[in-house]
Each structure stands twice: as C-alpha cells, then as structure tokens.
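Should a chain be cited, it is by its letter among A, B and C, assigned in written order, with residues numbered from 1 in that chain.
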Amino acid sequence: MAIIEIQKLTHEYKEYDEENREREVVRALSDVNLNIEEGSFVVILGHNGSGKSTLAKHVNALLMPTEGAVYVCGKNTAEEADSWKIRKDAGMIFQNPDNQIIGNVVEEDVAFGPENVGVPQDELSERVAMALEKAGMEAFRMESPNRLSGGQKQRVAVAGILALKPKCILMDEPTAMLDPSGRREVLNTVHELNRKEGITVLLITHYMEEAVRADRVIVMDEGHPVMDGTPKEIFARVDELKEYHMTVPCVTELAYELKKAGVALPDGILTKDELADALLKAREDSKEQSGADKA
Amino acid sequence: MIRDITLGQYYDADSVIHKLDPRVKLAFTIIYIVSLYVGNTVWTFLGAAAFLCVVIALTKVPVRFMLRGMKSILVLLIISALFNLFLVSGEPLIQWKFITITKEGVRMAGLMIVRLILLVMGTSLMTLTATPNELTDGLEKSLSFLKIFRIPVHAFGMMMNIALRFIPILIREVQQIMKAQEARGADFESGGLIKKAKAMVPLLIPLFVSAFRRANDLAQAMEARCYHGDEGRTKLHPLKYQKRDLIAYLILLLYLGAMIAQAVLIR
Amino acid sequence: MKLELKGVSYIYDPLASKVKKAVDDVSLTIEKGQFVGLVGHTGSGKSTLAQLLNGLVKPTAGQVLLDGQDVHAKGFPLKTLRQRVGLVFQYPEYQLFEENVLKDVCFGPKNLGLPRAEQIEKAKKALRLVGMEENLYDNSPFDLSGGERRRAAIAGVLAMEPDILVLDEPTAGLDPAGRDEILSQIARLCKEEGIGVVLISHSMEDVAAYTERMLVMDHGKLCFDDAPREVFRHVEELESMGLSAPQVTYIVRKLNERGFALPDDLLTVEEAKDAILKAIMK
C-alpha cells in the first residue's frame, strides 16, 4: 500500500526584487507523480536546487501545492485541519542538528512533540523512554544537547520524531553537517528503525554511499524525478547519473571504469563482494579465452 | 569551555531545597526581600541572617561557592557604604576639614552592607537551587493568571526556554565569526570608540543573518513537530505541589509573620 | 617562504581541573607550493592546529616561526602572518557581510591598508581564481547559491594573496558537483599560483586524490607526517584513531582476500583500474 501519494504536484514560489516587485516565478517542482510504499526505504538524490527539499516539505505539510495534491496515509496535505495528524504520521528531520532541538535537556526535547499533540502526562515519560531506546540514546536522557556530538544530536532529533509514533520519517540531508562516524551512526539508526519497526524512510542525501542500502532510489533534476529504481538499477546507469551531476559509489565507479576498459562485468555492482565475484569470473573467462587462443 | 557555561549559577545537589517546586523558590525570594525591609533594627537582620543560614545549610551548597558570588558585588557594597557614611546627616562623630562622619551615617552604612549581603545571598539561592528551565516553568505557571488579560504567558515562557538553549550556541558563533574576520585582517581591539564600533559591523551582520536563519529553521522544526501554542498541550514534568511545598510555604509565612511581629514589637 | 611549528602545544583552559592538551608537542614545516592534507577525528586538535598556523591562537608552549622569525615575539606584526597564511574556516560563507560580493572580497585587502584601486584589483583576481562569474560581482552575497557563496568566501581570504592557504573542510555540506569544483580549484591554486595548501578533510578519497603529503592528528598529537601512500599502509592504526583508508584500499584488500595479488598501496580508482586490468589480462 502506498503511504505517500504524490499526484501531479507542482510548486511555484515568487521571487521579489528590492522594491518588492515580483521578479520571477520559480518552479521548484513540476508535475511530480510518486507513490511511496509503506515500510520501504527510499533515497532521493539530486544536486542543490533540484527540488528534493521542497518535495519533503510538501510531504510534511510545511508547504502547500500550487497544483496537484499530496496524500499522506490517505490524508490530503492541503486540508489544514489535518496538518498535525500528517506531521505526526510523517515526522521530519532537518539538516542542521542545532536548529531543531528545542529542549534544554534531551528528555525535554524528545517530549516536545508528544506534548504538543496532548499525549496524557502519565504516558509521556514512557514515550520518551521508548523513543530514546529505539534511537540508542537512553544513556543521554538527562544531558544538555550542547554537550552532544553532531551525530548524537541528530539521533535525539530522530527520537523526538519517534516519540510521536510516526509511520514515516522524512530526512532532509540529515548527515550533511556530520563527520563520517556521525554519518554512520545516524544511518545505522534509521536503517534499524526501518527494518525492525517497519517505519517508512524517505532520505534525502548527497552521499551516494547512503543510497546503496536503500530499497529504492529516486534521482531528482529540475523539479522532477528523472530516475527511479532499485540501487542496482540506478547505479548501473553511470553516464546518465553523471549528466545529472551525481557521482556513484566507489565500487560502482571502479566496475564501470573496468567495463569501459573492456572487462566483461555485469551492470550495477554495488558491493566489494559482487565486484570480487564478477572479477574472478572475468579472470577465468579471460584465461579460457587466452587458453583457447593458444590452442 | 564555552559550552559548559550555564546561565545563572545552578549548583547541582541533592537537597530538600533543590526538590522544592520552583514557585516556592520564587515566593521565598519575594518574601525574603520584603522581610529585609520590614525593620531597621539589629533584630531584623539577626532574624533574617539566622533564617538564611538555616536555608543555606539545607541546600548543601558550599559556603565557599556562595561567597564567590559576593565578589562581584564588592564594589557596589563599598560605594553604597561610602555614600551612607559621608552623606547621612546627624550627630557628628568625626569631623575633618569638609568631611563629616555621623553616628547615623555609620549605623546606616553598616545596615546597608548587611542588608545588601543578605539580599544578594538570599536571592542567589533561587538561581543556585533551581535550573533556569525550572524557573521559567515556575514563572510561567505563577503568571498564568495573566492569560485572562490576554497576555501570552505561554509564548513568553517558550521564548525564555529557546533563548536559554540558543545563547550558548550564539556565543560560540560570535567567537567563530570574530576569528574568521580576524583571519581576514579585521581588528576588533585597537582604535577609538568610533573605530571600534565600525569594526563591529563585520561581526554583527553575519551574526544577525545567522540568528535569523536559525530562528527560521527552528520555527519550521517546531511546526514539523506539531507545535501550535499551548492549546491542548501536556507537559512531561508539570509543576505539581507536593506536601513538602506546602510545608515550605507554611514556614515562609511563619517567618514573615515573625519578622513583622518583631518589627512592630521591638522599636 | 616557510612556516614552521616547533614543539607547539595548546591548552584551552589551563586552569581547568583536568588539563587537556588540544595540541600536544607538534613540530612541522609547511612550504610554499605544497599540497598537504590534514586529517583527524572530530576533537583530535586539527582545527586548533589550523588556528595556530596563522596566529589566531597563541601556543601555550613552543614556537610558530615564519621564515625563521617567532611570530609571537614582541613587535612581530601578526597582520603579516595572517596575510601570508590565509585561513578559511568551516562554512566560511557565514562570515560574508558586505552589500555585494566584490566589496566583501575587498574586506581583507582593505584591512591590510591597501589603496582602493589595489583592493579591487586583488579582489577581482581572487574572484577569478575561484571561478566566480563576473556578472555576480555586484550581487548581494546572500542572493548567491550555496556553492557560489562558499567560493566568494574563499576568495575573501585569497584576496589577501597568502603564500599558504589553510582550508577547514571547504566542501562540507556541498553536493557532489560543488565538492569537485571547489577541490579542483584549490588544486589549481596550488599548481598554478604556487600557493601552499593545507586541506583539512574527513574524506580520505580527497586526501588520497589531491595531496602529496598527509598529516594525521589524534588526541592532539601529530601521529603521521608522510606521503598519503605511506600513511594509508597503516590502515589498522588509522582505524583505531576513528579514521579509515580510502574506499579503494578496502576494495583491493577484498580482492586480494579472494585470490588476486594486487599491490597493497593503491589509492585511487584510476590506479586500481590499471592494476586490475593488468592482473586479468596477463
């Protein structure tokens, strides 16, 4: 079942000049049609300005469609009365870890969402404990957010969303400001949530490595999806990705270069083991080949 | 390091006083200030000092820690004492050229010093035993009656909370921008007042831009987490009076009563 | 032009009960024209080291020498050091403040007390070096895209015409195209302008692909100072410091485990490709 349905979504915003006159109308999204299946892990790639952040904000009902419609768990984001329910079902994590933590103590911050929707007080403490545990942050419950690392802060933000018991988590470049270990920390946490809790994840990122483990990869360019498929399918189309100013994971890049140089390799190699298997086979083949030549 | 800065001067300890509701601590502060002004006799100050000593002992805050806070008001103490010493008229005690020190002056200066010391120690107890968060909560709840006058008490409370969270971040940011501009040869130290003020522009503009960006991000993040004012909002740790809070209120009232009584009776 | 650290240590809060050395007895020399990578886990002291290099912080012990002169000695003009060793902080676009790009880039030369015409000349040269299009010079820096803002900020430091440029994670937060653009421009500065570059990075791939020398910091100490190829032979040690080797190193290891016999010091996709081709086609 599709948990998010995006139908003919177009988003335009107006730019104004210094005298407050309309300068131009910018089309951030144009005619986007997408269905996101419940329980899937979807990665959205795209260079800056490709419209991927705008898309996520639509799913969170932070923006209203200029044209078309977005449904989250069957609810239309254009219905203002439903916007809290939508935000409860589809929580959003932003890029800057500092600018999304409200509480002065970790537990206060995690409780912020449930407090807002009026979860009864005797249930709040349980929710906080549950959310912190799932995000692997229970040891930091009474800490000040200022003492946490970037990765830990993002995991607090994840816990803050989990406390609302969402069906879906939207992440807008959550790892862009983190160091490699912080990035791994956050990625592992959301993958586990997806696997164990069945939470749908929509991850926007610039890091191709983060797309390898996804169920589905969507590439955005100039306001609409231009590629859509499994990581294997997407990363098999290296030339096309490069056209959209994207790179590919290192293993894939190496396989692609080898193939260009004449080694018979299958498309869309994503892991070291796949590459090793394919290369062993290629070596066998070339031996046979040269053996046959000699004979 | 900068990120360890706590606003106010909260001293973490496991004491009866720490456990009290922040509203009790607010009430204590007000009652204590009032009690210092009910009388002008030695008895008033003896009483207030004795009460304060008991409370300080209960807080488990080391006296050394409390006295450290006194250093900052030393100058104020000396100035106000000198004012009283030289300017209060009355029966002359010492006269030398145009300087006259009167008996009343000495008495007033002495009272002033004692009163100020008690005042500062008494009020600092509040910030020592309650975190800024607790105080914000306490203040918000105590002032919630203002809502009937359509004063957005909850919004002010939320603003305080956010300010508390972001002040350390912004302080760090100021230092960073300052260093970045210094790396471009900016000079924040030398020159006269006008030159210094001008030198602040490259610091202040980026700071404002960043503060607005953060405010924008935060507003969006709050909205994404279903924030919509205090309508239908619950709280993780709502302020609820316990038995010990009632006892504390009782003690406070008794103390205030005793202080007024002694002020009326002993003249 | 030679910048030298001699036994430099730095302690943030010497009065704290637990004294932690952010930088601990580091000695190194950086020369014009070198491309140096500086890596280390968050909190390893690499950012402090960068600030020591241009005198923004004063060492608790040891000396910083510019062409043999102690920069913290009485009478040494710190401005000279700041001019000759440029420092680009993380997210440098947050320091932009002027009404247009050109004026902002002039800020550095202006602080050096240069005449107006010279300021503009240097600013324009710097903007050209970072590949900023001329029609953007009059734009407000706040109207630029993320990548353009970043380049404008780097130009702001370049306009002071430093001999050595220290960059703290100049590609953080950019998309892949933006990352490549900035890095290739920095490489060009080093090659064509002869500027010494110290690149702080979390990306081992970038360090392997661009730098000729690699410094590794851990707990305030300088643990490695060698060519990347040599440093990346010590994968286990790097990992114990919370770092890693380039992806290619791991791929090659895996292939060797599976029966290939590739050299163990391959760092880039290009090198790995050639080695594998040789192994297969022989």
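The rule is simple: contacts are C-beta pairs under 8 Å (C-beta built on N, C-alpha and C of every residue); 3 or more make two chains touch, one makes a residue touch a chain.
Small disclaimer: the values here were computed from a predicted structure and weren't measured.
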item: Centroid-based (C-alpha) most distant chain relative to subunit A; value: B
item: Chain pair, A-B or B-C, that carries the greater number of C-beta contacts; value: A-B
item: Distance between chain centroids, defined by C-alpha means - subunit A, subunit C (Å); value: 30
item: Whole-Å separation of chain centres (CA-atom averages), subunit B against subunit C; value: 45
item: Sequence positions of subunit A contacting 2 or more other chains; value: none
item: List of subunit A residues in touch with subunit B within their complex; value: 60, 62, 84, 87-88, 91-92, 94, 96, 98-105, 107-108, 111-121, 124-125, 128, 145-147, 160-161, 164
item: Complex contact set, residues of subunit B against subunit A; value: 3-4, 131-133, 161-162, 164-165, 168-169, 213-214, 217-218, 220-228, 232-236, 238
item: Residue ranges of subunit B in contact with subunit C within the complex; value: 1, 173, 176-177, 179-187, 201-202, 205-206, 209-210
item: Subunit A residues touching subunit C - in the complex, by the definition given at the top; value: 47-49, 95, 149-150, 173, 176-177, 179-182, 206, 208, 245-247, 249-251, 253-254, 257-258, 261, 263, 272-273, 275-276, 279-280, 282-283, 286
item: Contacting residues of subunit C [partner subunit A, same complex]; value: 41-42, 145-147, 172-178, 202, 205, 242, 244, 246-248, 250-251, 254-255, 257-260, 269-270, 272-273, 276-277, 279-281
